[in-house]
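Every chain is named by a letter (A, B and C) in the order it is written, and numbering of its residues begins at 1.
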Amino acid sequence: MIVFRQIGAVVLKDLLVELRSPTRLSSLFFYAFALLLMVAFASSTTDVMRRQAGGVLWIGLLLASTRSFDQSFQAEHDEGALEGLVLWPVRPVALYYGKALANALSVSVVALALLPLLIALYDVNMRGDVGQLVLGVVLGAGALAAPGTLLAGITSQARGASALLPLLLFPTVVPAVLAASRVTTLVMEGDPMGQASAWLGVVGALNLIHWTASGLLFRWVVEDA
Amino acid sequence: MSAANPGIAVDVAGLARRFGPRWVLKRLDLAVPAGESLLITGPNGSGKTTLLRCLATALKPHEGQIRLDGDDLWRARDRFRGSIAFVSHATRLYEDLSARDNLVVWARLGGLPVDADSLLRRVSLPVDRRDPVRTFSAGMRRRLALAVALLKTPRLMLLDEPFTALDPEGRALVGAVLDDLRSRHATIVLTSHHPEEAAPYCTAAAHLDDGRIAWRGTPAEAVAKATP
Amino acid sequence: MKFAWEHVVGALGLVLFAVGQYQGLFVSPAEREMGDVARILYVHVPSAWLALVAFTCAFVAAAGTLFTGRKGFDALLEASSEVGVASGVLLMITGALFARPTWGVFWSWDARLTTTAILVLTFFGVVVLRSLVPDPDKRATWSAVVTIFAAINVPITYYSVDWWRSIHQMRSDAEAMSGSIRSVLMLNALAFLLLGTWLIAQRYRLARAHARAEEPLPLPREEAAS
């Protein structure tokens, strides 16, 4: 089907642009890493730090990804490619899912790169299931990227509104960040009561809702009404 | 493109489009038969670019209607977009990618076949250069944008001042592309401030003023009108 | 000039507000356990209802904008989101003032409070977004998209936080109320709703007037065939 082919093409395009301008991925990483470091320095005891690890990771990712989502649209606006895409034609649905998938991938990669550093710096005794940890990270990244891509699509088109993206995005992703950090923290602590899978379910459900809703709404973001 | 797939006939009736409170196109009427190459002249702010953007389905008409081959363009825009190529001031290129990358990316997005080498040669761009478009001059970018538009083998080609920012060689290139499209019976609509550059490649002319077509004639007449 | 029905509503609301607040502050008995502090609830609870009504209005208006494109819905969205933010802020401030002497903390992150804060933040974001988009059509479409997106978010947020907090076993439930307190509360709630309706209606008219000012003059009539 055309839509799936187009989604694939958009993902490849975004990844190619990302590869050719590696500053985006690395700045995403360092932004989040800087936050990790700062909170580590500010923490009073090792015990406090250990318990905060999961939450800090997601706050760092949230902040960093906001910039990343905005930048993913900047490449389109440089030379008016966004309109070019719509006219090509690339269906808005395909455009959305392609970009959102590429964004989710970026955030996932950065998050997975941060995990070992987090475990080391925050003195986490990693006892839980690594598979669940990775799954939680990937799903959390998806739950951030879905609304983030939609909202960044809007703010990148309104002059001066890039600074507005965090204000619009943060309220939307509170449940996702809560759930994802819960999974991360639980798994890191060994998940004594087996709750992690329930929270994974929550993040999974959030993904389902956000990816569906945003996909439906995106066409109003790019087409002339 | 075979004769069985000729250019599109364009019929604009009562087209009106505004930006905020200001009307730019004011109930414009224009008929472009299939296969015609129309040159549109007009002062700045007359609405040339807006007209092209409406024809390209980038803008929705606020009043009036555009018909392509008898069908309402806006309603059937998904169907028509693949056959319309729009070369505008915005090059729609990805700055961080090379020329070849850009061609491949756009081809993939449209599910189109691409022979990057031959397209690059056709617009006289170096075939093996890997530099990002960011390093290109304005003229080179316009050539690449032209190459991207040609990926589609369009039946309706829209060009907004295609000869601007090009050296004589570049202008000849655009001309060659236009000639080729004409030989394939594509419909062409292009705007220009310098009708003498575009006239050799066009079969008809029109003058746009204050949002309406003020005059219709031949390219030679357009050139005559322009020179004081 | 057409008679503005909302002035009747507003006048009635004002009267009820005066009566209700007088009752609330001076006449109704002090609450058994919380004492005089509880009187702030006569503002707090009604503002919660008003905020809820305003936000519901906004959601409906957003859906209307996207599905019908009629300008009236956009004006309604503008009006109700602003009134919603105002009553939401009032809600949070009065809530904090009540919570401190009662439970010792200004704020807790339970489901209701968190959802409220998020809702108010979102609508504040909508208001700011509207100020940054000059094109009226895009402004209408985009603020509608953000509003609908936020609407989907509300129940999700509520239940997620609820679940999260239930693990930590922290809830702040309002106490059950006696009869006379209830009736004063109802009176104030009605007053707020009427005043709120007046506010939204007035703000709606203002938004419509602005939109009309932005509208283009009609195209000149067809001249003789050129």
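As a working rule, a contact is a pair of C-beta atoms (placed from the backbone, for glycine too) under 8 Å apart; a residue touches a chain by one contact, two chains touch by 3 or more.
In this text, all values refer to a predicted model and were calculated from it rather than measured experimentally.
Colleague: Averaging the CA atoms per chain, pick out the one whose centre lands closest to the mean of every protein CA shown.
Modeller: Chain A is the most central one.
Colleague: What's the chain with its C-alpha centre farthest out from chain C?
Modeller: If we average the C-alpha coordinates per chain, B ends up farthest from chain C.
Colleague: Comparing B-C against A-B, which pair counts more contacting C-beta pairs?
Modeller: A-B is joined by more C-beta pairs in contact.
Colleague: Can you compute the centre-to-centre distance for chain A and chain C, using the mean CA position of each chain? Integer Å is fine.
Modeller: Result: the chain centres lie 31 Å from each other.
Colleague: How many angstrom between the C-alpha centroids of chain B and chain A?
Modeller: So the centre of chain A lies 39 Å away from the centre of chain B.
Colleague: Roughly how many whole angstrom separate the Cα centroids of chain B and chain C?
Modeller: Spacing between the chain centres: roughly 50 Å.
Colleague: By residue number and range, which residues of chain B touch two or more other chains?
Modeller: Where chain B is concerned, no single residue meets two or more other chains.
Colleague: Residue numbers in chain C touching 2 or more other chains?
Modeller: none
Colleague: Chain A: which residues touch two or more other chains?
Modeller: Correct list: 224-225.
Colleague: Per the contact definition, I'd like the list of chain A residues that touch chain B in the complex.
Modeller: These residues of chain A touch chain B: 2, 5-6, 9-10, 12-13, 16-17, 20-21, 75, 78-81, 83-91, 224-225.
Colleague: Could you list, by residue number, the parts of chain C that touch chain A in their complex?
Modeller: 66, 69, 114, 118-119, 121-122, 124-125, 128-129, 132-133, 137-138, 140-142, 144-146, 148-150, 152-153, 156-157, 160-161, 163-164, 167
Colleague: Would you mind writing out the residues of chain B in touch with chain A in their complex?
Modeller: 56-60, 77-78, 81-82, 84, 86, 88, 90-97, 101, 105-106, 108-111, 132
Colleague: Under the definition above, what is the set of chain B residues touching chain C in their complex?
Modeller: My answer: residues 16, 18-23, 26-27, 63, 212, 214.
Colleague: Given the complex with chain C, which residues does chain A contribute to the contact?
Modeller: For chain A paired with chain C, touching residues are 147, 150-151, 154-155, 157-161, 164, 167-168, 170-172, 174-175, 178-179, 182, 195, 202, 206, 209, 213-214, 217, 220-221, 224-225.
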